[in-house]
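Each of the two complexes below includes chain A, the first together with chain B, the second together with chain C.
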Partner chain A sequence: MRLFEYALVSGVLYGLFYGFIGVGLNLLFGVMRLVNLAHGDLVVWGGYLAYSLTTSAHVNALWAIPLSIPFSLVGGLILYLITVPRLRRAEDTETSSLILFFGVSQVLVALATMKYGTNQVTLPELGNPVMIFGQPYAASLVASASLAVPALALFYFYLYRTRLGLATRAVMANEEEAIASGVRVRRVATSAFVIGIAFAAAAGPLATFMLGGINPTTGGGLTITAFTIIIIGSLGNPMGTAAGGILYGLASSLTQAYAAPWTGMVPYALLLAVVLLRPSGLFGRRVRIA
Partner chain B sequence: MSEQTSLRASGLSTGYGALRVLWDVDLTVAQGRTTVLLGANGAGKSTLLKALIGLRPLWSGTLTYEDESIAGWSPERRIAAGMSYVSETGIFAGLSVEDNLRVVATGLRTATLRQRLERTYEQFPLLASRRRESAGALSGGQRKLLSLAKGLVRDPRLLLMDEPSAGLSPLAVGEMVDTLAQVVAQGGVTLLLAEQNARVLELADVVTIIGGGRVTFAGPVEEFRSTADVAEQFFGLARPAPSTGAPEET
Partner chain C sequence: MASGLAAASLSASLSAGASSNVITVGTLYANTGSFATSSMPEYAGLQFWVKQVNAAGGMYVAPLKKKEHVRLVSYNDQSDPATATTLYNQLLTQNKVNVFVADFGSVLTAPAVTIAKDQKHLLFDITGSGTSFFSSGPNPYVALTSLPVSAVWPKPVVGLLSKLKIKRVAILYCQNDFDQAQAAAIKGFLASEHLQPVYFQGVPTTQSDYSTIVQAIKGANPQAVLEFGYPNNDIAFLNQLKSTNTHFNFVLTPFPGQLPTLFRQDVGAKALAWGYTYAVPPILRINKVNIGLGLNAFLQKFAPGKASTVNFLNVAGYNAGLAVQAAFAHATSMSQLGIRAGLTAVSGKLQTLEGTFALNKAGAQVGELLPVAQMVPHGAGFQFKIVYPATAAQKAMVNGTPKYPAPKA
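And then the complex of A and B:
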């Protein structure tokens, strides 16, 4: 029973972190139908920022989260201006974006290799284990989940309680109808892009803890995990991503506890089951209405 | 007193990719006069409305709204200037009823938005009672009502509406025509309706027919009704043949 409790709690904690990683990717897809294969690499670059801060300035790695935001907003805006207007004019935006962001991903991997080398970099644990229901959990795991909750709440507030968020949901629902309704689609798209990038970069420092370290190629696996989560939750519905992340975390954690050799497969079996039985994702409709 | 022109298109052409859909279309919409745009499926009615609101670029021709050239304006600017467009689907099925209304008014001040919503709910009480529900849960007639309400939230002076009767039962079509008649009676908004249903002609002051991407008829509704071949072509509305007094053959 205690093993089950442990697996359950750690599954939820991991899941919140995964939701944090996936939400920005889903926003980009939902608003602009962009398949950002470089999403995981942006997370990794957020992690490298935390690493640089810790090793060079000797400050707590978590400071990298707020610091990553202005960097990612400026960087995201530049990336948007270079790539998105051309992608939006393409006949098949999804396929074109997949190819383009594959290129961006490779550039980010190469830059990271040049700057940090190919070895794994790690960050020191944040503190003593934290007791939950009488069992110890890594401080970084609890901190990651604790930071993911307000981040996801902030994301929810933007999407469901602001006019920009309403316009964003309208564009996600039907872009032409949104244009015909007077929505400033270009402003919505720009905002969604930089917010998505900022969320990726802000999740980076946490990823360095949660994955036990990062190297230049870590991003590829993170991108796959993020896509798995958003397809389970609901592709194009960012708040379904949080629920998808928790399900993914629970599936991984419970499998790790009771059938460890199957750990690498079960979350993807869950993905297949969702795609076959409910292609719109588990929360395709319900979560969308605030 | 001469009629003021709300919208005037002259020699308008547009299309999709390499496919030209509209050919040198001339259209004049007078202020306060309801214009019904008739045409079969694929004739180019919807494309024309999209070109007028800015969703399709003009390949050639001129377009003025209230005597100002709007050919290069974005849809957003045209809407801010007092135009409004309701597409055939017309709603965001994934958003709530109230969010559908609010999204059209994102540029308005909060107090103005609240006032417009209250007025809309007074005008469409059914929407008030279902404001928190998903628009996708509404019936076909209710969706059309919501799309019309959405088109009116910003107090437009010119409303372009695509197929207000599409997909509706005969009863619901009648209700939609009555609602549109109320909108016209309240004044302030000029309607340009793209339609195929004869019931909507009850609202028409002017009829324009599009066939194969070209205007084939434009004139007052009375002229349309009295032009036997044109009316017959669409609705079997040809005037009865003048009676000769002779008994009908059996």
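And then the complex of A and C:
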């Protein structure tokens, strides 16, 4: 029973972090149908920023989260201007973006290898373990979940309580109808792109704790995990991603507890089940064709 | 798709000038991906051997009765076994190398073993010690140059557990040939003493989250925890123990002995204190050799003024080169079986900086057995103390007594 409790709490904490990882990717896909294969690599670069801060300035790694935001907003805007207008004109945006961001991913991996080498890097633990229901959890795990919750809440506020968020949801639902309604799609797309990139970079320091360290190629696995989560939650529904993350975290944690050899498979079996039983994802809406 | 595109961007590097009278040695390395940490130092060791041999005017090739220079043909497999399969084939079919040397570890060696057997081409396997590579009977085309076959590794660990009267053993392993073989071997040894592990689970080699697993192990109340993984697994596991203040009286992980600098940096000396690992060169100082450099000379020449940065994998790469050198020096012909005959001729007689080079009929290394070391706090860091020998001949190397139960940090 104690192990079950531990797995549940750990699954929820990890799940919130996974939701944080996935939400930016889902925003890009939801608004622009961009398949960002470099998402995980951007997360890794956020982690490297934290590593540089702790090793050179000896400050708490979590300072990298606010610091990563201006970097990623500027970097995201530049990347947007170089790539997205062309991608949006492509006949098949999804396939073109997949190829383009594969290239971006390889460039980011190569740059990380040149700058940081191939070895795994880690961050110093944030403090003593935190006791929850009498059992110890890593301080970084609790901190990650604690930071993911307000970040996701802020994102929810943006999406459901601001005019830009309303426009974003209109584009996600139907871009042509949104244009007909006077929504400035380019402005929405730019915002969605840089916010998505900022979410990825901000998750980086947390990922370095959660994954036991990062190396230049950690991003590939993270991108796959993020895609799994957004498909479970539903493509194009950022808030479904948070729920998808928690489900993924619970599946992973409970499998670790009771069937460790299946840890690598069960979350993906969950993905298959969702795709087969509810192709639009757990929180996706059916498409009405009028 | 990713691996396909990656394969298309591969490039070859030749580390010696092209010449008509050269012996070509093909190899792969991983400069990115999860095995880069181990592959690159191993590759550097092999490159060092090529440099040393060519600086000495080449290596003696018995069938030709003269010295030949060595040319290393190498490709980057990016830690991807599928890419490695393509590139190993390319080394044999396009580059037509004389012999080939595998990349680090069992995962990246596995495709080479299959290709070596199918194409009857001699493979020098540096650290791919998975038992399955050597379990299908006599095989003249694969030779393990460093490290014993992995099922043999844990033998001294069992001896140590027995000496410490430990009965409750938890075994966590990654699902690959190297780690599974060690876990299965320990389980077998325990069974022979009518003991069952209190925890015996495998996890994917890509596992990075050990939070719940550690609690599951704790729940089994073991006296000793043996975690068999690759470096990134060991690091994540040890960091999980540290971050939850989880203490076990005996923890063994394989790689701190091979990559001490990396583990000091990523896990920290305090968290490593009193843990156990396998002792390998340069922890083992072997200077009585009859080929190549002894360990002290190797440390000085490989990294002048930076001997502390040299790790086992550098030594293993160099040692593989020495095995190639010995094979050609005693080859009976230039055919693959003729070169292999050269290895058979020196098996059991060759003394390198890793110890006695000895192969069994299946090509498995049976000479270089590994003792167990404990990481004993020393100032702000730690030092390795050899606490249990793998062979009677290693008894003289023992320089510490195991501290059990491990004190809490």
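By our rule, the second predicted complex is superposed on the first by the 285 of 290 C-alpha atoms of A that agree within 3 Å, B and C clash if a C-alpha of one lies under 4 Å from a C-alpha of the other, contacts with A are read in each partner's own complex, and residues count from 1 in each chain.
Here is the rule we go by: a contact is a pair of C-beta atoms (placed from the backbone, for glycine too) under 8 Å apart; a residue touches a chain by one contact, two chains touch by 3 or more.
In this text, all values refer to a predicted model and were calculated from it rather than measured experimentally.
By the touch criterion defined above, A:Phe71 lies against neither chain B nor chain C after alignment on the C-alpha atoms of chain A. By the document's definition of touching, of the two partners only chain B reaches A:Glu177; chain C does not. Of the two partner chains placed by the overlay, only chain C lies in contact with A:Gln256; chain B stays clear of it.
Looking at the shared chain after the overlay, A:Ala167 reaches chain B, while chain C stays out of its contact range. Counted by residues of chain A touched, the larger count belongs to C, out of chain B and chain C.
Residue ranges on chain A touching chain C, taken from their complex, read 2-3, 6-7, 10-11, 14, 37, 102, 106, 109, 113, 118-122, 125, 128-129, 135-141, 210-213, 215-217, 220-221, 252-254, 256-257, 260-261, 263-264. Across the complex, chain A is touched by residues 53, 55, 75-76, 79-80, 85, 87, 89-96, 99, 102-104, 106-107, 134, 136, 150, 154 of chain B. Partner chain A is touched in their complex by these residues of chain C: 1-2, 5-6, 9, 31-34, 36-37, 40, 78-79, 172, 175, 201-204, 206-213, 215-216, 219, 231-232, 235-237, 239-240, 242-246, 262, 265-267. Those residues of chain A that touch chain B in the complex are listed here as 163, 166-167, 169-170, 172-174, 176-184, 285, 288-290.
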